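Per-chain residue numbering starts at 1, and chain names A, B, C, D, E, F, G and H are given in the order in which the chains are listed.
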């Protein structure tokens, strides 16, 4: 029951067309969400310019392209992640204004640019193997209007480069650190600064890495303060969370 | 907002004391649940005579005894499971009418006897080690008014005894089968009958049993039809579920 | 030894044609199951109109097609699950009256329609990724004559839609809830109603989902009452069990 | 090499007492950290009023008490977590101004009150078993000057109470959600709001809970946005992180 | 229905006292196992002198002592394993003729000595930590009449001692090898001989041993022929199996 | 140093051509195994007619074919397991007398037929999915001269068929039971007889089966006596072991 | 800030062009690593002739070829491991002087031959399946100038061959032992000698091998002294470490 | 058969007292190890002054004290690790010259001081919780005559202190790094130097640390070169290995 219908009912009560007791029954008989849902989802109303996200893995190119169409028809921006080359081809064919972010394996369609934020988020990783996850996080941040700075040349085996970025790290509102193998990088970064570190274990590694479990466990057990963890390879989730924190820092 | 308050508001609309638009605002501003909650929890109103359950493990004797007091003060029956000897002593001292079910490690307090059901549930296990779990299930069923029949002498290593209970199994509305070690019993039972089998892995065993995981996995992988599984040692959950199925069979 | 043969033997004893001691030896020498088996499997005799099931995964298209032929030759209905496109092609070529249920990856052949049941089962899931498992459950229910209602638009991240189906859930004889990722949906549903909830973890997810283990564990640990769990992606097993519960509710 | 020494050297260069090449050698020969360390740790200088933390588990009462003494001698506040009754007794005997937070199993000593922050963090959990972890988080926040609001009566099996707190959740700068068993609560909360949710799996549960792993996995696999996870029972880490986010929101 | 009763019934049929149809009904109405069970369990009749086994872990001293009493009242020997000092005290007090095997943590009561077998089984382990498991196996063999030879000084880190026992190993009918830590011993032994090796992983070890899993996995993956594995610390099961193999070798 | 060379040396000592001290040095300087190895491997001398085995998985068709050639050149029989169609084609092309066992995925080449044994081994499984493993075991037994009887129609969900084979099981010298899914079959079989049961978990199953782990754990935890376990899908190992046991029973 | 820039600054101080306090500020404002980094990485300056390593798995042939080009442009040798046939083709096409080590799946480019070392490392394994890992270790050693001796014919199932290499093992500066299956070989080798044994679990095996975990755990639990372990299939890491140990033995 | 006996036999052959063929039989009939064993164990003859080690965990105080007595009676030094207070009391009472190393939970008895080595090993850890493991490693090194330097104030969360020890690390012949929690320290250390790093995961931590598994996995997956790993808490093993490497560096 949207606002209009509810108002109509109340007006009928007001005019006496519907007695209060009958109105009460009609209210109680309504689908639950018609009464309260608008409020529940109200906060989403402030998200003008925010994209709706599609997790493309496991969907056919046709399915993804159709969902993209449906979302933009509602006037929303689109962020599709985990796009295979086939998905990319299908979406770009149908939506020529879609932008393909190659390294991030992502596609964005911008109907309304997101409200620009101040402050920034650092996205860091040690090297080429972790780049797809880091870029997924970076593209997600940008899709939500959150400025980012990339620091892709740091690793625990070259600790000095990490130290050189210290000031930048400390100025960020949040730091996303993607790491595979032994997953030590978030701990080292968090040991240097007083900024929330969102640790993203990647599935980079082999053998006793177990597809990212080694890194995941290392991050959950970090002895440094301010580290929290998202799922393995979940660059999107890290980007969403970092954007939220940056937006909170933008609250008046 | 309970019925009275909502009716009062509607009557104010009816009399013109509150204009529809203002009423709309007041409706929308109310705590969410006041509008819809009564309906959400309404089904609990039909549970006259059903106990409220307390999981006593990890609570102090004093805490359990106090919770028992609070529940019965509301007029509800009580079912406390996983009661240590200390908990039993504390509760019985405070509530002399409480009944201690020794093997089941459970306590019940009956304020209003549960509505009696027709039909019955079989509770089965292979032997003495699984008895505490089986009895927890049995006592739970009884606390919910569900008749039970115990079959505690069956095991895969003495298959003939199992076969001898075949008719009884087939007549039940549900069968609870508790088993530790290799957890094969539910499969064998479910292979004999067309009745829902609720499999309860127990933590009985050692070594590669891993505290009941071996039995849990065996039950989840049952090649027989009609088997579903609850948590390790969760006699209470199995009893609740079996009672629900028996009650469904009692629906007019 | 069916009834006829056993009676014939006893009559020979009665006429003196076979002395008691010789009859005893013949009785004992008979294959074990000839004495008692008819009773063991007797309950299967009441299953008129029920399908025999084939788990097609890991079988060649030719094998599946042949098994389908053998079953229908016995006058039984057929339900084949986990059918690859190749299996579907092979079976439909050989059995033109077979029905392919695309989303469910299932094939049915109906020789005798199953006895219709009253009551119904709800099959629920959060969205497109869990649909194949949910549909496997739904098709299984239907193959066993159990009416179902699909609720495929509910998820924990849109809790209001879930609440809107509350009445429907409470009226069902059983609810099948398929969920991947964190597997929280069955707990939330079971928290709303007093109806058996059959939780089906799906392998939808990635990283620390471990192919459905995260959802499986969440479901086994549900803090809500009435939840039991089947194997990951086991829509068929959930459908079988729900049909059994619904049939029990149909018992006179 | 602190500022003074480095300046002295440069002045010797300035006066010609040390030629540039010799100064270069002396610079390069200095212990690494003397050159750069002050900068590395500089940000810690802004932490006036922040406590130093002690993880008391596995330390003797005497050890903890001594460490408390050493920290306060430096003029820092103290936050000791996981304090057994013996540790509490020892510390209070030695430090009569220490404050014992019973439920949180924590001790604080305040030398300089932390700078008060605006905004607030919500700490939520479903009930009594998760309270020690939730309180550890709450006390940690307070020790870092971060205002908190406790919401301890929410759970997935009573979804309406959760919905009733919706506005409060949305107003927070961060939400800490502690949950054991199936760990579904953070997902449901994050599905309602646009605020960072710090999920803390607790070791509450049994059987296939595996000491909190079930909850941990559920949280890592959350299908809702904005959820990140800390180690099992790590209320302290969640409190630290939430305080950081709140402080970021306090940045001018 | 034992032979006598069944014969009596047939004789009544023979005399006409019971008509064939009535006899059929009585036959079918009998408990299932009465018809066929004697045959099922017949092989147990040849086990004269074999003990009945009690797994004492998790039973109270009183319970164990009572079960011992019940078994010997049937004229059977008794073998109780995993006996705590309390269990030992209780059983010996009640059954002064019981024999306590200290290292094996076992008790035996011999009513009828088992039929002596020819051939022998070797029980081997590397040293003191594995002795309780090895002795449990040894005492079990002896309780079943199977001669054994102990080889308790062999380990992979002292390979020459192992080689020195080569002839003895090759002459055995089966070899039980108990090993903890890395569990390599059974592979090395099986590489030397053509005799069945029953590998018993023990829980001796720490850290990544995981209570015997490391040894268990090593044994399951043995690259040598003739190795099979029983549960961790299951000396009893290994002894039973070795005795069976030795008895098979004693078959005429 | 074979017998001839060693004798020659001793004769040179005898004739004085080599002084004792020099002989000692030559003895000690010889490769270690020349002194002792003949004895170590002597038992292999009795294996006339036994095949050498090749595990073909992970080897190229060319490699397998070459190894087959090398073995038969030594006069040994050959048993190659886990042969892909490509391996089969390559071996048959090169060795036209090789026999391909289709279901078992095995190839045998018989140069000298193995010495025939008396007694027999039962190879059992529940159905079509486990057949490749069961047949690998069966073919292995035959390659070692061990007679087998196949029982491929038994499963825990059709317990009566199992009971019907009781006498056959009891007459065997060993029983190989292959089972996937919940792996309960070996326990049920071992509960019926006094014969060593070699349990072979198969990787048949899905979801929480974990590629055979569920069956493996169930078998390791069997509550029936006489069960030991080999690696998942290790039909070859089970066949080797059963042949050994049967051969032991053939010892004079 | 390299040496030149730092000297220039000091000279400006010396001439009075920059006052000491200003120089101090400029020093502190410099990127951290410019001050201290040269020292940190100084030890790498002694690595003349050492290759830079590329882990080619997960990189495209083009990427690997480009990285090879970049490294050699810096005058360094190259060692690329885990090279697929496509990578090999691409690198050889672009770098005709590159050497492909087939079994090791490695490519080396030698600009400056590494400084030759004395002493040697033994690389051992049981047979053909472990060869790729063993060869990766061997080629790595050679690329770092470390002499090696291959012993590829040893296994626990043929213990005598192992013993025959005893003297060689004892003379090495380190022994790399690669083993899959049950991973027992490093323990047996380490039991024979007083030389560091670097154990490399390989992923050779199936079923309960879990891709090398069985071997990994066995090696971590070795009861022999001097064994340490690297990741599954990490021949490169073992080679690096063995080379380091050999180089340490070459220290003057 | 030691050298003397073998020589005597050869002399009898030389004198004709034993004919060559008879000598051959006597040679072959001798226990295997008499021929070859002396050689196998010969290298142990060079270990003058090395202790024999006792793993005291799981042994009674009396047992440990007796083993200490037996070892020193052979003239060997003793190193007992994992000594409980009861074990310490028992050993010191019986062996007043034994030295108790409190933090290391170790006891040493020195009959002959070990041959002093040159060079040294660094033993490092982050703090108090890892000290028992680090000290076990340190005491082990010293018992084998290997000089050590302790660096106990380094951790990834205080990276500058680590950097300050860089020169010391680089000068060592091996570095033992003990770390619990996320286990990142060995990677960071190995990233700084070209020296073998022996990583010892400790069981320090909680929750998803799983008793040291998180640290163990991190160390096995180290992206830095020269890291190998021993079992969780295995300070003894690390000390043994480091001593071996240091001794290799002492080889002439």
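The working rule: contacts are C-beta pairs under 8 Å (C-beta built on N, C-alpha and C of every residue); 3 or more make two chains touch, one makes a residue touch a chain.
As the structure is a computational prediction, the values presented were derived from the model and not from experiment.
**Q** State which chains count as neighbours of chain F and simultaneously of chain G.
**A** Under the touch definition, chain F and chain G have E, H as mutual neighbours.
**Q** Chains touching chain A and chain F alike, please list them.
**A** B, C, G, H
**Q** Could you report, rounded to a multiple of 5°, the rotation needed to superpose chain B's C-alpha atoms on chain D?
**A** Rotating chain B by 90 degrees superposes it on chain D.
**Q** Between chain E and chain F, two touching copies, which fits better, same or different residues at the interface, with half of the numbers shared as the threshold?
**A** Here the answer is same, because the shared fraction of interface numbers exceeds one half.
**Q** Which one, E-F, F-G or B-D, has the same contacts as G-H for more than half of its contact pairs?
**A** E-F
**Q** Measuring from the mean C-alpha position of chain B to the mean C-alpha position of chain G, what distance in angstrom results?
**A** That gives a centre separation of 59 Å.
**Q** Taking the mean of the CA coordinates per chain, how far is chain C from chain E in Å?
**A** Using C-alpha averages as centres, the distance is 40 Å.
**Q** What whole-number Å value describes the gap between the mean CA coordinates of chain B and chain F?
**A** 50
**Q** Which chain E residues sit where two or more other chains touch them?
**A** If we look for residues of chain E contacting two or more partner chains, we find 32, 36, 39-40, 159, 163, 166, 192, 207-209, 213, 216, 220-221, 231.
**Q** Each pair of chains that touch: what are they?
**A** A-B, A-C, A-D, A-G, A-H, B-C, B-D, B-E, B-F, C-D, C-E, C-F, D-G, D-H, E-F, E-G, E-H, F-G, F-H, G-H
**Q** List the residues on chain H that touch chain E in their complex, please.
**A** 31-33, 36-37, 40-41, 57-59, 63, 201, 203, 211-213, 216, 231-234
**Q** Going by the contact rule set out above, which residues of chain H touch chain A in the complex?
**A** The contact residues of chain H facing chain A are 126, 155-159, 163, 181-184, 187-188, 190-192, 205, 207-210, 213-215, 217-224.
**Q** Please give the residue numbers of chain D that touch chain A in the complex, ascending.
**A** Chain D residues touching chain A: 36, 39-40, 43-44, 46-47, 163, 166, 170, 173-174, 192-196, 198, 216, 220-221, 225-231, 237-238, 240-241, 244-245, 247-249, 251.
**Q** For the complex, which residues does chain C have touching chain E?
**A** Answer in residue numbers: 3, 6-7, 10-11, 13-14, 16, 19-21, 23-24, 27-28, 32, 35-36, 39-40.
**Q** Mind pulling up the chain F residues that touch chain C in the complex?
**A** 128-129, 159-161, 163-164, 166, 204, 206-209
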